[in-house]
Every structure is written in structure tokens, then in C-alpha cells.
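Next up is a structure, given as C-alpha cells.
Every chain is named by a letter (A, B, C, D and E) in the order it is written, and numbering of its residues begins at 1.
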Amino acid sequence: MNDKGKIIAGVIIFIALVTFPFWYSMGKAAPKPEPVLTPQALEAKACVRDKVWINANHMQLLNEWRDAVVRDGERVYVNLEGKEFNMSLSNTCLDCHSNKAEFCDRCHNYAAVSPYCWDCHIDNPKETK
Amino acid sequence: MEDSRRNFLKMAGIAALGAGASPVLNAFAAGGGPAATPKTMKGKDILWAKQWGLVIDTRKLTTAEDLKPLIDACHKTHNVPFIDPAIVGHNRHEIKWLWQTGYANAFPDLEARYTHEEVETRPFLVLCNHCENPPCVRACPTKATFKRPDGIVAMDFHRCIGCRFCMAACPFGARSFNYRDPRPFLAETNLAFPTRTKGVVEKCNFCVERLADGLLPACVEASNGALVFGDLEDPASEIREVLRTNYTIRRKVALGTGPAVYYIV
Amino acid sequence: MLEYAIKGSKAYCAWMTALLGLIGLGFGVWLWQFNFGLGITGLSRDVSWGFYIAQLTYMVGVAAGGVMVVLPYYLHDYKAFGRITILGEFLAIAALIVCLLSVVVDLGQPMRILNVWLHPTPNSVLFWDTIVLNGYLFLNLVIGWNVLQAERNGTHYPGWVKPLIYLSIPWAISIHTVTAFLYCGLPGRGFWLTAILAPRFLASAFAAGPALLILLCLLIRKVSNFDPGREQIQALAKIVTYAIIINLFFFLCEIFVAFYSQIPEHTTHIKYLFVGLHGHGVLVPWMWASMILMATAAIMLVIPAIRHNEGVLAVACAMLFVGAWIDKGLGLISAGFVPNPLHEVNEYVPTLPELAITLGVYAIGALVLTVLFKMAIGIKEEVRA
Amino acid sequence: MNGKYLYSLLAVIVLSLVAYVGTALLRLQVFFGVIVPYLAMLVFVAMFAYRMLVWSRSPVPFRIPTTAGQAKSLPWIQRNRFDSPFTKWEVVVRMALEILTFRSLFRNTRMQLKEDGRIAYDLELWLWLFAITFHYAFFVVLLRHLRFFLEPVPYAVQLLGTVDTFLQIGTPVISMSSFALAGAVLVLFLRRVYLPHLRFISLAADYFPLFLIFGIAFTGIYMRYITKIDVTAAKALTYGLVSFHLPAVADMQAISPIFYVHLFFVSVLLAYFPFSKLMHLGGVFLSPTRNLPNNTRAVRHVNPWNYPVKVHTYDEYEDDFRDKMIEAGLPVEKKE
Amino acid sequence: MSDLPKANQLYHTIEHRTPATDWMDTPTVIRKGIYCYAANPKSLEALSAPNPREWNPVEEDWKLPDNWQEIIHKGFKERLEKFRSFKVFMDICVRCGACADKCHYFIGTGDPKNMPVLRAELLRSVYRNDFTMAGKIMGRVAGARPMTLEVLKEWWSYLFQCSECRRCSVFCPYGIDTAEITIMGRELLNLLGLNIDWIATPVANCYRTGNHLGIQPHAFKDMLDFFVDDIEEITGVRMAPNFNKKGADILFITPSGDVFADPGTYTAMGYLILFHYLKEKYGLEVTWSTYASEGGNFGFFTSHETMKRLNSKMYAEAKRLGVKWILGGECGHMWRVIHQYMDTMNGPADFLEEPVNPITGTRFENAKSTKMVHITEFTADLIKHNKLELDPGRNDNVVLTFHDSCNPARGMGLLEEPRYVIRNTCRHFYEMPANTIRENTFCCGSGSGLNAGEDMELRLTGGLPRANAVKYVHEKHGVNMLGCVCAIDRAVFPDLMRYWVPGVDVTGVHELVGNALILPGEKERTTNLRGEDLPGMEDEADE
């Protein structure tokens, strides 16, 4: 029985599949996106927490915020520096980062995550009439 | 570096001890981290009560035109859509927090065969009664509807699974369900307040977001004094004064839910 | 065991393919509903539960009805039912799957379904309903599987199954009781606010469930070499007879209380069902049909000569099953919401997409039932061969 | 008592320490983030191909399918096409059922000697259930990870992510496949430890991949839900690997070391794969008892190394017994 | 058999426990009742097999050639390169354990090394040591161990506790077939002359005389003539079977066991009756052969080469006699060889015609290349076309169950044909439990050359799962007869039944045919082929 051809074909297909990302990128660079800061954000300099922490944990923070606001009626967040913020995605975060497309979406798209926040929270105050 | 070493210790802790190691983790976390931790708290301006209540002086609101600004104020503030039956072909998807109805509908058990003529035609403002003993809270299987310490029957739209048990439980028909995406039906949007997603129940929230900022509910503000809002448990409050000095009725008291909305007829 | 479900005649394959087709159709429409929202149904602000939840209610009854074979066999040592207990248990499994899926398709946010257990809320009857329904499903799966396997091996089922069997008997009562409590504990819904609702549910369950089982037994005898047995079918028929009579009696009790007291909260809903209210009455012909079907079936069943004729028995069971379905699957839920708490009348009629999804759910139930019955019958044939 | 899994556990712990220390203290991100993954990929691809070629070099001299159902026979006898395939396409279906649904494991029974003298064989589907859960969960996890290797992320990958995160539990929403994978690995491990016969046959090489894969799942879950790493920075590296546009070393060093532990685990798995029992991924396609049609009497199978053998011919036989045959009246070729 | 406890006691002493030590450290005991005697050197010499010598398995010294390790290593390597099955099966096992409790020897003996996976690991451990990088570097941690004398003895012991029944292969997710591994292992052992006598001597016999039992041509004819006399006594019909007849339509080959010992002899009488009927009614000439007088092939249990050497006679004889095609009798491993090996090894049989049943016109499509048809396929076809006059009432004293022989079931897919014949010749037929029949069938416990006398304990424990299932239908339906289509089954089941299920006898399917078939011109039969009174004939017989 001679099935070497079939096996080699199978191996080639397998390798092609396994190395698919290499073919797909074709050496095209796609560096880490940099979120664009609005002038307002630039001016504020600091976010609620430091940038690295926020970058990694903002989803958790928003989750804690929503429970605090909705369930406990607590709306003020005092950060590590003792500074107070209104815990609101719509009114605090998006007020400063009013450019969702350049700020939020860039990374979200890059990492292919689509949080359902935007189903309710109005995404871009500047764009919505 | 600091952070990553801590993370490593955490990871090693979990790996070694399994999920039960959380106290150990906390110890690690507390030991290595900065002393201060962020806090959450109520705002300084917040209006707070033991049981918020509302008195509606229906004598001052005798026509539909009188009610409209109140309803509009509420619905605009909260992005309550108007799903026009003329457009969608039916009224099944209607959403309303505050609306008007007839005396006999609002008070079916107080219906009189021979009624005061003016009252019979007077429009009545109805809304969630923020009951003292709310059946909807009892029914909700996820605690998405709950009673806050200030007596407001609140809804957590993030947690609502859309089972509509609360709608069946509410004897006042105060609740609406988002049978579809409400956004296309918003004539204008209040950016400060979220819209809802399809598939969740909603109702009047006694303007918790305004109370937090020290403001009275939108309808009260728009009512020119026809609506009085205050703490039912505070004998010194204005609302108690109004209740002391006026005869009021509540809807379906026989059911024992203890509505917090009173009507001066 | 499962190999029996994989292999089958041409007709079997055609039936399974048809069911898969219906499931596919239902799933497609459900995707539409998932995308658009429950607005594609006939539900409204006033009638916020409809066809889906009604199917939950009805099929919980069918599931609970299975206990009518389990109980006489295990508690009263009625040996004859040993032949068909597995059919009762498997019918319960399929019915429960229809129940659970009916709840899932009724949810506005199905992806949050686990919130019910992530945020357990013991004061909510719906929370308990999920517990009892899933628990009963689990019990029947474990019991059915082990008993059938033991039968195939010619051995006795493991000892630990016995307590589960005893547990399953009160549990069957609980599933319908808790489901009734969903409705009858609500203030302001006069139609449901009656202590007799749970007993009524049970009575109709013990009529409709065994009636379906009789029909299935007759079908099994036709399409397979396994005969569930004449004695067994007749014993079931007796159970159906008493249950339907009690069901009708309970109904009359309701009528009496409502109309003798003449409390509007209680009468308006019944009026809406049987004579219409303010000119609205889409359900009137249905409800009369239901009553006539159930009453006729009861009369037929109570006469021994008729009951003993299996052909006529089948007709009576079918009439009863349909009658009870109209009563619980169409009337009960709608009428609770009409008129609404503000005494306005807004009627509910299910839409086509709603029916398609329900059909898909039933097709899943039928598929599960077919697979389980095929397996059980295959093993019965094998053991008796 | 059982050194086999302790060795394996130790090996995985040491691997994690190596990657952790290597990146957190020694700052060898380039080594663990670039060199090792490239090498691992190279070893995986090359050795996988090599192993397959070695297998293909051994011929299949005989057609020896295991028949698990009625073969094609007389036209009126209903045959079992997929458990006893006759044609090539029936074999394809049999193999598909085997590979996609784990058909053979689905038959699994559990034997019990009952006290009453009966031996019972109960259908035992737990192994099938956890095996298929494990494999499919792993597969989905792999496909989902394409989001780190493709830009823009194709819709299909996004859709898979959406389906996998259908149930909204936790923040970020849990992907069911991750937990199914970790859970199934755990059960498969416990099975090996708690079932005496399975423990008896298990080698260190059986525990090692389980620990390693659990380590991968655990570090993945840990990064996603407990300590959050900078996902975009991680993708900049992973995408950089496949597009050959690596981020700056400083950027790599900014990624949490746990990411490198995860990546190192994956690299080790890739490199280990072709040398281990994990090659059943390729081998399952080559099993002669499954991938051949049961048509040996109808279609001749050729053995490439068939060679002539010494036989006892009829002539030799007749020479041995001619007289007796003649005497018994049996026909013979030669009369004397 | 006498040293064994009573069946019930034995059953309750079976324990499935694992030793505390690692399996590599658990010594192998070659013990009486479990092992078979070593091959007689004369038998090996007759085949020119390597290393013939007197040796005794229970003695310390096996008198191995000095370079035995090298022989094994080289033989191993050669087989890895020649058989993909062996190579792949050495590599891909994941030790999931699905096969463990599928083996009848494991079920019956409780010896963990009888788990198929572990039996294969005996070889795999050496494979890893000799042929894989991981094994060479990591040694025992990677599950590798060097080939030592202890390992060799362990191989010998357990490779002769496997009957190559393939039941494990059905359940293996990769189709790993322990039969294949046992075949390779036994080939390697044969390189060192380590065969058992129960295999080696039949092979030598078969090579010279044409059959395992060494029946010489005249004796073979005598035996069949003896059956002819018996048949005449029972039916009143005298028949004259053809021997070595040139120009006959069909050559018939069956295991010689059927010619030699009860109850196989009754099956042979069934064949004779059937062939006589076909000759009388339809003029079909079937011939027996004294040269190819053995269907079974114990070479299969020795090596591929020996199998081929013995098998070659079938085609050679068919060619010499100029028949159209070959018909094969009821046998198990004979059919595995014919179905999966014969054409490849000794074909193509282009001198034969594509088999067609001359009476019904049915083309045996499934045998068009090998040109050999199973007798139940042939008889089923005749019955289907109403070509046989049958009186199943003559088998009414039989309450039958049917044992699927391993090789036709799992190496051929022959499941329905014998059942069809049975249903048409016997009115009381009950299947054993589903997990013990068809592709899940259990071995008789004595297959692959293990049906010696000295390993009776192994055979009885290994046969327990099958016997237990028979017991089930015996108690439930009063089954008194175990039908089968295998000569080894017929040879070994009587012992097995006597021990585990007294009251059940053993029959071949064609014995039922022989009883039911109404011969032209026969007298009214009062007894069956066994000389037992037919139902309703008890009185006449007494008179």
C-alpha cells in the first residue's frame, strides 16, 4: 500500500494550518495601539488610578463602581491619593475620554474584546446628537 | 517589579494551597501593597431618607396638560423611549415610568358608583409606589430589583435576566419591559443617564441619580409644588406635614404592599 | 444502551430528521428573537408572560404525572407498573427539558441565566422553581439510567438508587407545587390568588401526564415488539379518570368561590375566559372547547366499558390531553393578566415566531423522548427476547 | 508513594520558576518571549512532520480493520456502513466519527463482578465525556487565541469569542472553554490518581502533559481574571512573533512575568509534543485497524515486501503419502 | 481441572487489585495451570524454525542463544520498519485505560498485567529504551527499561495469555489492537525458539500432512466415511463425498478439528448432508481435499511467515484441482487469515472464478478477489432463495444461544449470516446480553493456540465472561445449547460449559442444518445426528 503521498499532503496541510498566522500577517506590522488622549485628559495628567493599573484593571474597577453606585448608592470614589471622583462611566470616564473610537475602541479592537457596556452607556457624548 | 513580585507570591500561594488560600493571598497583598486603599462613599450633597415618599396633590393637576411636563421631565431625564404605536403598529412595546390614568383605573377598589364628577374625569398620575413591602422584590430571582435603605425600590439593569416575574408580581402595573432596543425610539438623549438594553425590565427609580446630587426628582421639580417628596419616617419633614394636614389615599392598600405614593384627592 | 438511539428504521430516521429540522427552524427564529428582543412575540407590557411560560406550566404537569407510575410501583408494590416505570421517568425527563427550555427562551437576557444561582435569592419562588426542576431532572436521569442498566444486565440496581427513588416521589409533587406558587403567591392577580391552585395543577397533571403516557404506550405497542401491557394501560386509565374528575371538581370549586362571593377581582378573569370582557374574548371558543373536551373525556373514562376499549380510551386520552393543554397552556397564563391591575383589557395572542420557537422547544423534547424511549424499548425487547 | 506524578509536578514547577526568574529577575524577556517560542515552533513543526514521515515509511502490509459491525455481505443483509466500512468514503466517515466524536470511547463499558454471580458491563461514559470536553475545550481555546496572532481579528474568531463568553459571568466575562479545559484536565488527572488500575499503568509521561496543560490553563485564567496583564502589550509581542515585527525590548520587559510563564509552558508543550504520546494527534489518522476499508476479500491488498516462502507442495505431499492414498482409493497425480 | 475449586468458589476469589509495587518491579510467576509447555524441538525442526531445543519454562535456564538480546533488538527493529501498525501502536497509546476491563483474561484472572494496555507496555517499555530518544535519555522516568531475561520471561508469559481476540481494539480510541502486538511479540519469541508446543506441533503437522492433527490422507477419508455410515443409519441415505476431485465446482476446506472430535464431527456431518443434498438436487460438485485438509492456521499464532507457508496450500490445491472457487467451513481464526491475509500473501487467485452461487445465481461480491466464501454466507443465500427444504422442528429439543467467534466478528464482520441460518433451522433461539455478543463478543478463553490441557486454569478463568453470559440465558431461557462457527470453540466450550454452566452443550451451525435438511429419499428420522431422540420420537425409539 502506498499512501505516502496522502500522509505528506496531510502533513503539509497541517503545517499550513499551524503556521496560518504567519501567512495571514505577511510580515505586516501591527504594533500595540496607543490610545489617544483628549486635551482634557492630557490636562488632567492623572487618571483615577495610575495608568498601568487602569490599563490592566479598568474593567474590574468599572464593575466595582457599578455595584457601589447601583446597589449601595455610593457614588464617590476616593483614590489612593485621596482625590474624589464621581463613579460614572458616562459622566466621569467618558467625560474626560470623550473620544471613544480613539481611546477605548483601539485597544478593544486590537484585543478583540467587545464589552457590553455600550449597550446602555451612551458611547460618545461628542458624537451623539 | 514590586507588583510582579507580589503577583508571583500570589500565584505560588494559589498553586501551593489551592483555592482555599485566599486569606493567605490577602495577607501577602496587604503586606506588600501601599497602606492606603481606595474607598467608595456617598456624596456630600446626597439627599437621604429612611423611606422616601411622594404626595401627589391631584387637585393641582387637573388636566392632561398639567401632567405632561412632569411626565416629559421624567422620561427625558431617564431616556425612556416613546415607541409610537403609529410607527410600530401596536402598543405592546410601550415603556412608561410615569403616566396618567383615570381614577377608576388607578383605584379600582375605590370605585364608586356615583362619583364626584370632577374626580371621575381627573387624570391621575401613576408610577412605581416604592412600596414598603414590595412584592416585586420578593419575586425577583436575582436581586436585580431590591429595596435600598432609603426605601427606594431600585433596579440593577446589569443583573436583570428579563424573566418578568416582577411584572407579574406588581399589582400596580408600574413596570415596563424592553421588548426591543429602545435607542431608536429616543427623540433626544440625556447623555448623563444610560439607556437600557433590550431584555430588561425598568420602572421609576425615584430619581436616585438626582437625589445623589442633592436634587429632587425631576417630576417633583417640574410640578410647581403639586408633588411633595420627602422622608416618610421623619416626622418633621414637609411631606409628613402635608400628610398630617390633608386627607390622602393610596392605591390598593388592601394588598398590604404599603405604597409610598399618596394622593390628595 | 445509547446505540439503540443511533440505529433505527427508515421511519425512525425520517422522524428524527423532521425533529432536527423543527429544532433548526426554532433555533433560527430564536436567534432572531435573541437579536431583536422578545418584541417578536405577542407579549406586551400588560401580558408579560405568555405562551412560553404556559408551556412550562403545562409540561411541569406532564413531568409530575410520571410519578403516577413510580408511586404505585415503589410505595404500594404494584408490580405491574414495573414494566413501565422507566417510561414514566423518561417522559418526565423530556417534559422537564421542555420546561427548562421554555424558561430559557422566555428570558430577555438569557446570557445572564446563571445569575439565578450566582445571586441566590431564597425569597423568590422562581429561584426555587429552578432548583426543583433541575433537581427532578437530575433525579430522573440518575434513577432511569441506573434502573435501565440494571435491567439490561439482569442485576439489581445499586442500593444507593433506592433512597433517590423515594426522594423522587415527593419531589415530583414539589415541582408542580412550586410552579403553582409562582402564580398563586402574587398579590393583585385575582385569578391565580387561590390556595387551590397547586392542588388543581396536580390534579390536571395527574390526568394529563398519565393520559399522554397511555397514548405513548399504545404507540409503542404499535411500532415496537415491546408491549407495555393491557393491565398497565388500564391501571393508568383509572388514575386518569379520578384525576380528571378531581380536576373538574376543583375547577367548579373555583367557580363557586368566585361567583358566589362575586368579588370582581376574582370573577372578571373567569368572565374574560368564558364570555369575554368589554368585547374582548379571543379565548372564549378555546375555553369552551377545553371544558367540553375534558368533561366528555371524564364521562367516557368513568364508564368502564368505554375505558376498557383501548381504541376509545386513546380518543378520550387525546381529548383530555388537548383539553387540559388549552386550559393550562392557553387560558391560565393569559387570563391572569387580563384584565391588568388597572382594570384595562389588553389581549394577548401568540405570534408566529413565538409558535415556531415553542415548536422547536417541543421538538427538542420529542427528540429527547424518542431517544430515551428507543433506548428503553430496545433494552426491554432485548431482555425479553 | 507515587513518584511518577511528583516528578511531573516538580518538572512543571521548575519550568514555571525558570520562566519566572528568567524574566522577573534576569530580564531575559527576549529569550523567553522570542527565542524559545520560535525554537519551540520550529521543533514542533519539523519534528511533527518527521514523526509522520517515519510512520509513513513503515508500510501497511495487510489490511486489518477491526470490524465493529456487520460487513458488506449478501445484498439483503443490512450492513453497518460506518463500523464496518466497505468503501473509501465509508472509511472517511468512520474516521470522522472516531476523530470528531470519539466513537470508540463512546462504547466504553465498566465491568463489575456482582455478588450474585453475574458479570455486568455498564455503559461508562465519563471517560468519553471528559476526554471530549478536554479536546474540544482545548481546541476552542487555541482558536480563540488566534486573536493574539491575527490583525485585524477575523470575524469568525470574534464570533467564537462571543459564543464562548455567552454566559455573562464575572469580569471580564468568563470564557467557558478555559474553565472547561482546566476542569477536564483536573478530572483526567484525578482519574489517573484515584483509579487503582489507571494509577498502575500510568507513567510520568502521562502526568507531565496533564500538569503542563493545567499550568497553561491556570496561568491563562490567572492572567485574565486575577492579575491582569497588559493584553495589548502581550499581543504586540505575540503578533510580533508571527509578523516578524517585534516590539522594543523595554516593551517586552513591561509585560508581567506570568505571561512569560504561560508562554514558556506553551513553548515547552509544543517542543515536547512530537516526542510524546501527544503524537496521537497525528497517529490517530494512521491506525490501520481504523483507516482501512473492510473489503479485503473483494479488493486485493498488496504487501510491498511480500516475499516467497518455503512451502510443502502437493507433489512433496503426494510423495510422502502416495501408497496410502492409492490404497485408500484417493486420486493421485503420479501412479507410482 | 480437578485442582480447581468449584466454579462458584472460583468466581468469588477473583480479585481486581493492583500490587503495591510498580508494575516494572512486580515479578512474573510462570505458574502451573497458566502456562503451556514449551515447543517440542522436533516440531520446530520440521519447520526449520530457529533455535529448536529442549527447554522448560519453569526452569531458571531457558537455554537461550548467547546473542538473544541482539536477535530481539534486530527483530524488533525489522518489524517496526515492516509494520506500520506495530510502529504506530508503540507510539500513540495514551494509557487512558479504556481497554483494561475489556479483556476476558483480565476479567477472569484479575492479573493487572492482563490489561491489554499493560500487555502492550511490556513491549513498549523495551521499545522506548531501544528506539526512542526520551527513553534513551530518561530511562525509567520515561517508562523505558532494558531487555533482560526477566523481561523476556514476562513477555513469554503474557503473550501466551492473550488470545488475539481484538476485543480491546474495538474500545481503543486509536484502534490499538493488542492482537497485533501479541503477534509481533510472539514472532520475536519465535526467533529464540520460544514457542509453545500446542502451537508448534500442530503447525509442523499441518505443514507435512495438511492438517494440525497430522491425519494422513487415507485416515482422513476413513473418518469421513465413518460419518457417511452414521448418516446412513440416521437418514437411510448413503452419500459419497468427493475427495481431491479434479474439475469439481467448489473446493471445501474446513478445520480438521471437525473431522476429528465431537461435537465438531456433527458439524462435519452437517456439511456432508448439505453437499449431498446440493449434489442430488442441483448437481453441484463439492470436493474435499486431503492436502488442503485444514482450514485453521496455527501459523497465524507463530509468525506472518509461518501463516503464509501453511495458507499457501489452499490456493495451490484449488489451482491443481481446477475448481471455480473455494468454500470455507466454520472456523474462527481461519477466517481472519482468509479474510484479511490470504489474498495479500498468496494471491492474486486469478486462476479461480469470481464466486457465484451456481444454484441461486448470487454473486458473492464481497469475495470477488479472494474467491473464498464462508459457508454461512453460502447456506444463508440458499435458504433465502428457498433452495433448501428444512424442517426446523427436528431441532426443537435445542434451546440455542449463539456465540460470535472473535475473528469472524471483529476481523470480518460476519454477524448476521449465521444468525439467519440459525433462525431458519432452529425455533428456540435466544441472544446473550448485548455487551457480550457481536462486536463485543467474548473469547472462548482458549483461542490463538492456547487450548492445551496444561493451561486449563487460564482457559477456564479466561472463558468466564463468555460462560457467565451463557449462564445468564441458560437460567433465564433454559438455553441448553451454545452455537458457534468456530472449531476451537467446539473443541473448548464443552470443558468450559461443564465447569461453569453444566447442562449446556455445544454445536456448530451446520449441525443444525444437517438435522433440519430434508434429504431426497430419506427415511423418517427418529434421532438427530448425535443419535438423540427427536422430539416426539421418544416412543418410537423405545419400541
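Throughout what follows, a residue touches a chain if its C-beta (ideal position, glycine included) is under 8 Å from a C-beta of that chain, and two chains touch if they have at least 3 such contacts.
Just so we're clear, the structure is a prediction, and the values are computed from it rather than from any experiment.
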Going by the contact rule set out at the top, which chains touch both subunit A and subunit E? D
If you average the C-alpha positions per chain, which one ends up nearest the average over all of them? D
Which two chains does the highest number of contacting C-beta pairs join? D-E
Among the chains, which is located farthest from subunit C on the basis of C-alpha centroids? E
Could you pull out the chain whose C-alpha mean position is farthest off from that of subunit A? E
State, to the nearest whole Å, the distance from the C-alpha centre of subunit C to the C-alpha centre of subunit D. 44
What whole-Å value do you get for the distance between subunit A and subunit C if each is reduced to the mean of its CA atoms? 47
Dist(centroid_CA(subunit C), centroid_CA(subunit E)) in Å evaluates to 55
Averaging C-alpha coordinates per chain, one finds the centres of subunit D and subunit E separated by a number of Å equal to 34
Listing for subunit D: what residues touch at least two other chains? 55-57, 59-61, 63, 107, 118, 121, 168, 227, 286, 301-303
Where subunit C touches two or more other chains simultaneously, the residues are 109, 112-113, 118, 153-154
Enumerate the residues of subunit E that touch no fewer than two other chains. 433, 472
Write out the stretch or stretches of subunit D touching subunit E in their complex. 7, 51, 54-64, 66-80, 83-84, 86, 98, 102, 104-105, 107-111, 113, 117-119, 121, 127, 131, 195-206, 275-277, 279-280, 283-284, 286-290, 294-303, 305-306, 309-314, 317-318, 320-321, 324-325, 327-331
Subunit E residues within the subunit C interface of the complex: 430-431, 433-434, 472, 476
So in the complex, the part of subunit E that touches subunit D is made up of which residues? 8, 11, 14, 16-19, 23, 48, 80-89, 91-98, 100-102, 107, 112, 115, 117-118, 121, 132-134, 141-143, 166, 169-177, 180, 207-210, 216-218, 221-222, 243-246, 290-291, 304-305, 308-309, 312-313, 316-317, 320, 338-341, 343-345, 347-348, 362, 364-370, 372, 377, 380-381, 384, 409-417, 420, 433, 435-436, 438-440, 464-465, 468-469, 471-472
Which positions of subunit A touch subunit D when the two form their complex? 1-4, 7-8, 10-11, 14-15, 18-19, 21-22, 24-33, 52, 55-57, 59-60, 62-63, 107, 109-116
So, in the complex, the side of subunit C touching subunit B is made of residues 36-39, 41-46, 48-49, 103, 106-110, 112-113, 115-116, 118-119, 121, 123-127, 130, 182-183, 186-189, 264-265, 336-337, 340-344, 346
